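Order of writing sets the chain letters: A, B, C, D, E and F. Residues in each chain are counted from 1.
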Amino acid sequence: MVVDALSEPNSYRNLCHEHSDGAPMPSAEALRDIVELVRSIIFPGYYGKSSINTATLKYHIGVGVERLYSLLTEQILAGLSFADYCDTAAYAAYNQQTVQTELNRMARDRAGRFIEQLPEIRRVLATDVVAAYNGDPAAKSFGEIISCYPIIKELTIYRMAHELWLLDVPLLPRMLTEMAHSETGIDIHPGATIGEYFTIDHGTGVVIGETCIIGRNVKLYQGVTLGAKSFPLDAEGNPIKGIPRHPVLEDDVIVYSNASILGRITIGRGATIGGNIWVTQDVPAGASITQKR
Amino acid sequence: MVVDALSEPNSYRNLCHEHSDGAPMPSAEALRDIVELVRSIIFPGYYGKSSINTATLKYHIGVGVERLYSLLTEQILAGLSFADYCDTAAYAAYNQQTVQTELNRMARDRAGRFIEQLPEIRRVLATDVVAAYNGDPAAKSFGEIISCYPIIKELTIYRMAHELWLLDVPLLPRMLTEMAHSETGIDIHPGATIGEYFTIDHGTGVVIGETCIIGRNVKLYQGVTLGAKSFPLDAEGNPIKGIPRHPVLEDDVIVYSNASILGRITIGRGATIGGNIWVTQDVPAGASITQKR
Amino acid sequence: MVVDALSEPNSYRNLCHEHSDGAPMPSAEALRDIVELVRSIIFPGYYGKSSINTATLKYHIGVGVERLYSLLTEQILAGLSFADYCDTAAYAAYNQQTVQTELNRMARDRAGRFIEQLPEIRRVLATDVVAAYNGDPAAKSFGEIISCYPIIKELTIYRMAHELWLLDVPLLPRMLTEMAHSETGIDIHPGATIGEYFTIDHGTGVVIGETCIIGRNVKLYQGVTLGAKSFPLDAEGNPIKGIPRHPVLEDDVIVYSNASILGRITIGRGATIGGNIWVTQDVPAGASITQKR
Amino acid sequence: MVVDALSEPNSYRNLCHEHSDGAPMPSAEALRDIVELVRSIIFPGYYGKSSINTATLKYHIGVGVERLYSLLTEQILAGLSFADYCDTAAYAAYNQQTVQTELNRMARDRAGRFIEQLPEIRRVLATDVVAAYNGDPAAKSFGEIISCYPIIKELTIYRMAHELWLLDVPLLPRMLTEMAHSETGIDIHPGATIGEYFTIDHGTGVVIGETCIIGRNVKLYQGVTLGAKSFPLDAEGNPIKGIPRHPVLEDDVIVYSNASILGRITIGRGATIGGNIWVTQDVPAGASITQKR
Amino acid sequence: MVVDALSEPNSYRNLCHEHSDGAPMPSAEALRDIVELVRSIIFPGYYGKSSINTATLKYHIGVGVERLYSLLTEQILAGLSFADYCDTAAYAAYNQQTVQTELNRMARDRAGRFIEQLPEIRRVLATDVVAAYNGDPAAKSFGEIISCYPIIKELTIYRMAHELWLLDVPLLPRMLTEMAHSETGIDIHPGATIGEYFTIDHGTGVVIGETCIIGRNVKLYQGVTLGAKSFPLDAEGNPIKGIPRHPVLEDDVIVYSNASILGRITIGRGATIGGNIWVTQDVPAGASITQKR
Amino acid sequence: MVVDALSEPNSYRNLCHEHSDGAPMPSAEALRDIVELVRSIIFPGYYGKSSINTATLKYHIGVGVERLYSLLTEQILAGLSFADYCDTAAYAAYNQQTVQTELNRMARDRAGRFIEQLPEIRRVLATDVVAAYNGDPAAKSFGEIISCYPIIKELTIYRMAHELWLLDVPLLPRMLTEMAHSETGIDIHPGATIGEYFTIDHGTGVVIGETCIIGRNVKLYQGVTLGAKSFPLDAEGNPIKGIPRHPVLEDDVIVYSNASILGRITIGRGATIGGNIWVTQDVPAGASITQKR
């Protein structure tokens, strides 16, 4: 019978996640709540259900930050337990009780440090709003950018996820950026480094790889890939993880739609890359390259 | 402390939307309900939870139209208040009471005029269903097109949003098309003008800019960009808003996947544009251009 | 008045779906529940709300399979009734009572046969997880692949939908793959045939047509099209349905981002297709072709 | 282990309801929806979420009646299947297929006949509203009675349930009146017969038994019992079902709080029964009896 | 047909509430939210979903008060519009625009004045908690009283409703106390006046009429009625509204279960009324009366 | 300002529950889920959303028991933390870390012991179903009793709550019985001891006190009080907690509606107590007492 077949341990080896006590999987639903909370704190009045005015804004932010701390602690704990579960060796020396206590402490600590970064995240997102506004003649106001533009939805999530990445939180950064990928069609790896005043127009199909480094005031169009060209294999033929393999874009670079920039190359300050082309070598500062016709 | 930092007015300048009394932000959730209602009115029996038959169809449409009028009035009012808030100069001569009364009147008026357009919107969408059916050998029935095909989901929203755009409703048209963009990966600006019997196959990555003009019986494939080539800056270096800067596609044009057509150029009647190419100059009627290999 | 205009039968001809008694439209919401159930059965502990351990896993799978059978029977019945409604000729010889009884029997039978395929679907998806892990140096664990990667979300749905397609279930396979298309930007037709160890990196914009045949261990990148080049028309100028018109990819083929492979051509075993190019002719086994610059 | 003990058939004999295919239990949730629908049809504008005006009232009633028919058919079918399940002998001569078809026909028939009674139910409830208004000096308007008074909530449900009882629908009438009992503390058996212009003040603790017959213009206060005094047992010592055993109250009777009237006695026209007393014998018309002090 | 019969204006005369523009019925659901909000403000940490500590309590109360003001204004406006609708004469001199503006102003004003009473409501409820604790040997802690005891749920709603009654808000006070009646079986009219340190044990079946006056430190048991004995009719035979017709209970009175105290009589300070008796005459201070056996 | 007044610590002394880390209040919503789960385990097929048959019943019970264990552990922990918070002295010797670990262990232990009692709870409830059926000539089947009768809803909760009471779980038993009290109007204290084959007809207004002891085969009617007559005060004038002060009813006793039996008296085996009377002294076995008229 099918239930027996599906319950046969060999059939679900590697596909099943057993939960240790009190350690559920990170929850996509909780992460969605977290994103909503961060949006309501960063852009008060644009997100969140309540009406806001300057007299009561502090109450709303106070409640939001408390709830964010609590939700985030829970999810970071789930992420840490998940990683712990996947990599039991790392904790082999400790007994379960000690591990649980230590993971709890780590989760609270990282949630607290994330929250301390919120003012800086807001400051940088404010520059991204300016970049999106300046880059689109169809934009009518900052308010329209904040409430409609996919790039702001994407960057709010990416900049959150990148902070969590820097805090060495497992799984959550990736789950967050995949949520943004699904919503906007823009796939930015949480490990990528991206400067201020960044924008992407339209965005669908953009890919930005894990080891990319992007300067200030860079603009991309839809369909652009900042990817790896190939990746070295180790002795057993498996890809070696963690090697810098994606491009560096210096300040003031523009890349037009559907261009693919591949490998650890550098696009120099102020360069312009035309649409639908394939770039696998360094481009000097100020250069402009386009598709041959 | 972080709550103080985040409540510091300088830190949220331009990022916060204070609500005047009784004037909330337009709500993404309400817009989703509005789209569902319009779908259930345009395509009775395909959308909406109730079962339908010819004897009771009029009751359903009667209830749907009443609810649509009420929801839409509310959202248009929110949009008008939002625009009012962003552009306080426009209403400087009036006192707040007068403004509120006037905005209410405008919202009811525009909602009413939108609803009068529903029969015409349905008529045009019926031609789009035919175009999608004829354009896809995999399609089995009109019913399958209406219930599954992303292009019909996209065009229902775009054609609604375009009417609201023509009625000068702020913010809502853009929020609507970004909802469709997120769902289908097709980004049509609500300002674009698109004729009957229009279709896009697969659709992901398509971009159609604000000032595009598209004739009858045009077909696009996934990844096509109808974009701006560049845009003139004003004296302060800001992009000048509202200039015609996107292509004109005459009747019966076909554009294959990932082609980019840029700038205020004209693709003549019956022309065919091949895939993965970059077009920045007029193409004569009946011509066929393809990628060089 | 607008309600009258919208209730005028001529205005909704072909756009309205009348429900026969007890035969609602297939429901997108129910299909979402079905996908969640299948995910929780295939990848226990990663999906589904409950916590799992080996002692209770069988109870969860038992309950899940029973609920899946019930939901699926209902949706298959809706799909069969829908097709019946669209194609009344097929059942003309029978009275309504007989038809309803027969459709019920067919729905239960097909739901049962689908469920018998679940162990095989899980076996093949396990190979896809391995392929995704091996293909991405940024991947940290199988668990990360299963819980985050869009390709696994896509393939779980595609492989379900393909089974339903093989069981000749109307409408549902297409509704399912369009749900996946909306979530991931990857558009795989449920009729396509795809071997084990298949993966797509990033994925946005990929299109795989109805009559594609893909071997084992094939890898695609974002923006790849496996499409039709053109399609023959019948005497009335309508496209002829069901003709093989999409490519065959043999084992071990790699296709880089934004390449378009069109028409019933064969890409030979182990061939590599470079990014952003347009392929309309056979490529021999082991060959490597790239964009001219 | 506890799961084994609880799954042991002897342990759940008589406590378990096995569902035959397609025949779920009647659903408390669905009955709540049905009550809400009936309230919105009987008292348009007071119940139901939509706003109403005379121009659109007919659309709302049309949609409400259609949905009511569909929900009610489903629940009546569940009730019939439940009774069938409890009393398998009754259908022993038929095969399962025939039974299912017949139950379906019966369910549709009874739902239709119930709906035909709605105008009469509304007419009688209108007299109850008048009685409640006249009986309470604290009442300010008919609107207040309709929207707040527990007796109207109770009687709307009782009068529905009584119609279903007369239509011989199993289980549902009793489930409905117990819902009302829980909400208002008034326990009226659906089999009781109650005339026009009936009211109960406050109501908590009132009990009206299955075979009561109540005339026009009767008023009760809280805590009144119209109960059985004792009931004859059959040869095996089980109570004999269905014997008239509750009081008859003729027109214009008033019963004050906490009085208990027990057995098949008659309280004559216009009699007044004082509070906190115990009545087990006929009371002549016009009499007034009170507690001895 | 039944839809026609039910849409016939004569059939719904007095039973239908037409909504004027922007003036829905008061909503039971919104009132439930309002009660939850008030509970979370009065008893922080016992009600409301968030966790609380002294550092963040002020944020929670700030957000709660703002939301309460907004919800309450909306519901008071609905109540005022409802009363206006029922009593059109009162506003005959004004045009619709003026009325709407004035009702808005009144709603905001009364919501604001209600909120100013919250500290006093909390102060009095704190005395009720003490009375419930002292009166029940089974009570273990104040926390148990606040989170479980029906009398505290009842009094929180009654004391809110009474404030709204004093502010002359139509309909809402009565809807609120009927919500409490349904939840606890205790029916306190919002017009009754009740002093500090009040408690009712168990409570089911208690009735306290509109013109009751209850002193400090009074205790009732379940089933007690403080009702009217009879009420004078006017010339047309209708009950005269608003006459004092319920008892006065002075300080320190105890009334045991199921006693009925009826009419405008006075139960003197410190008197004790035994269970199951019927009192229709003044009882002197300090007296103790019981049922004759 | 009101927010300041409400945030003033003196104003919420004793009314506020500060949550220690990870220790929320017991949740009424979670308790409702727990009751639903227990109902679906005790009466499979009557409660719970799924359809059931003998082949799959064990899966459902397995999943139900696992979920019950998890929910119950959480709520018991919340109850223990609450009691701990109220009575800090009890844990003064331990540090916070140790306390938390110990409370977790206690919660898991008690949840496990509760679950072991489920087969016995089911066995006793089966006798209560028989008693309700035999006691009501209007009852048509065991199925009707299980799905409609308030006494079974009440006793399922009371018998659960009593087990938790015996396991010394704080707060939860009382919250559970107050939920049942609100639903049925029957107020049974979780500390009462009640034998097999117990039933109450109609039930509204029944009160059964903390120290009652009720034998086998006892039947009560609506409005019966089994209460305390008075309670001794300690030196400070506070009621002394925990003294036996409620009646003992031996086997086979019947008590008719609205009778009040008060104090630690004994009603002997087989005695009958008439309605609306006040009993404060022992009643010998087999006696029958009624109201004097």
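Quick note on the criterion: a residue touches a chain if its C-beta (ideal position, glycine included) is under 8 Å from a C-beta of that chain, and two chains touch if they have at least 3 such contacts.
As the structure is a prediction and not an experimental result, all values here were calculated from the model.
Here the chain-to-chain distance from chain C to chain E, counted in touching steps, is 2. Interface residue usage between chain A and chain B, two copies of one sequence, is largely distinct: under half of the residue numbers at the contact are used by both copies. Between chain B and chain D, the centres computed from C-alpha atoms are 52 Å apart. A straight line joining the Cα centres of chain A and chain D is 58 Å long.
Residues of chain E in contact with at least two other chains: 3, 51, 58-59, 62, 185, 204-205, 223, 258, 276, 292.
Interface residues of chain C facing chain A in the complex, by the touch rule stated above, are 41-46, 51-54, 57-58, 61-62, 65, 115-116, 118-119, 122-123, 125-126, 129, 134-144, 146-150, 183-185, 202, 204-205, 221-223, 257-258, 274-276, 290-293. By the touch rule above, chain A contacts chain C in their complex via residues 2-7, 9, 11-12, 14-19, 24-26, 82-83, 85-87, 170-171, 174-175, 178, 181-182, 185, 187, 189, 191, 204-205, 207, 209-210, 223, 225, 227-228, 231, 238-243, 245, 258, 260, 262, 276-278, 292.
Chain D contributes residues 50-51, 56, 58-63, 66-67, 70 to its touches with chain B in the complex.
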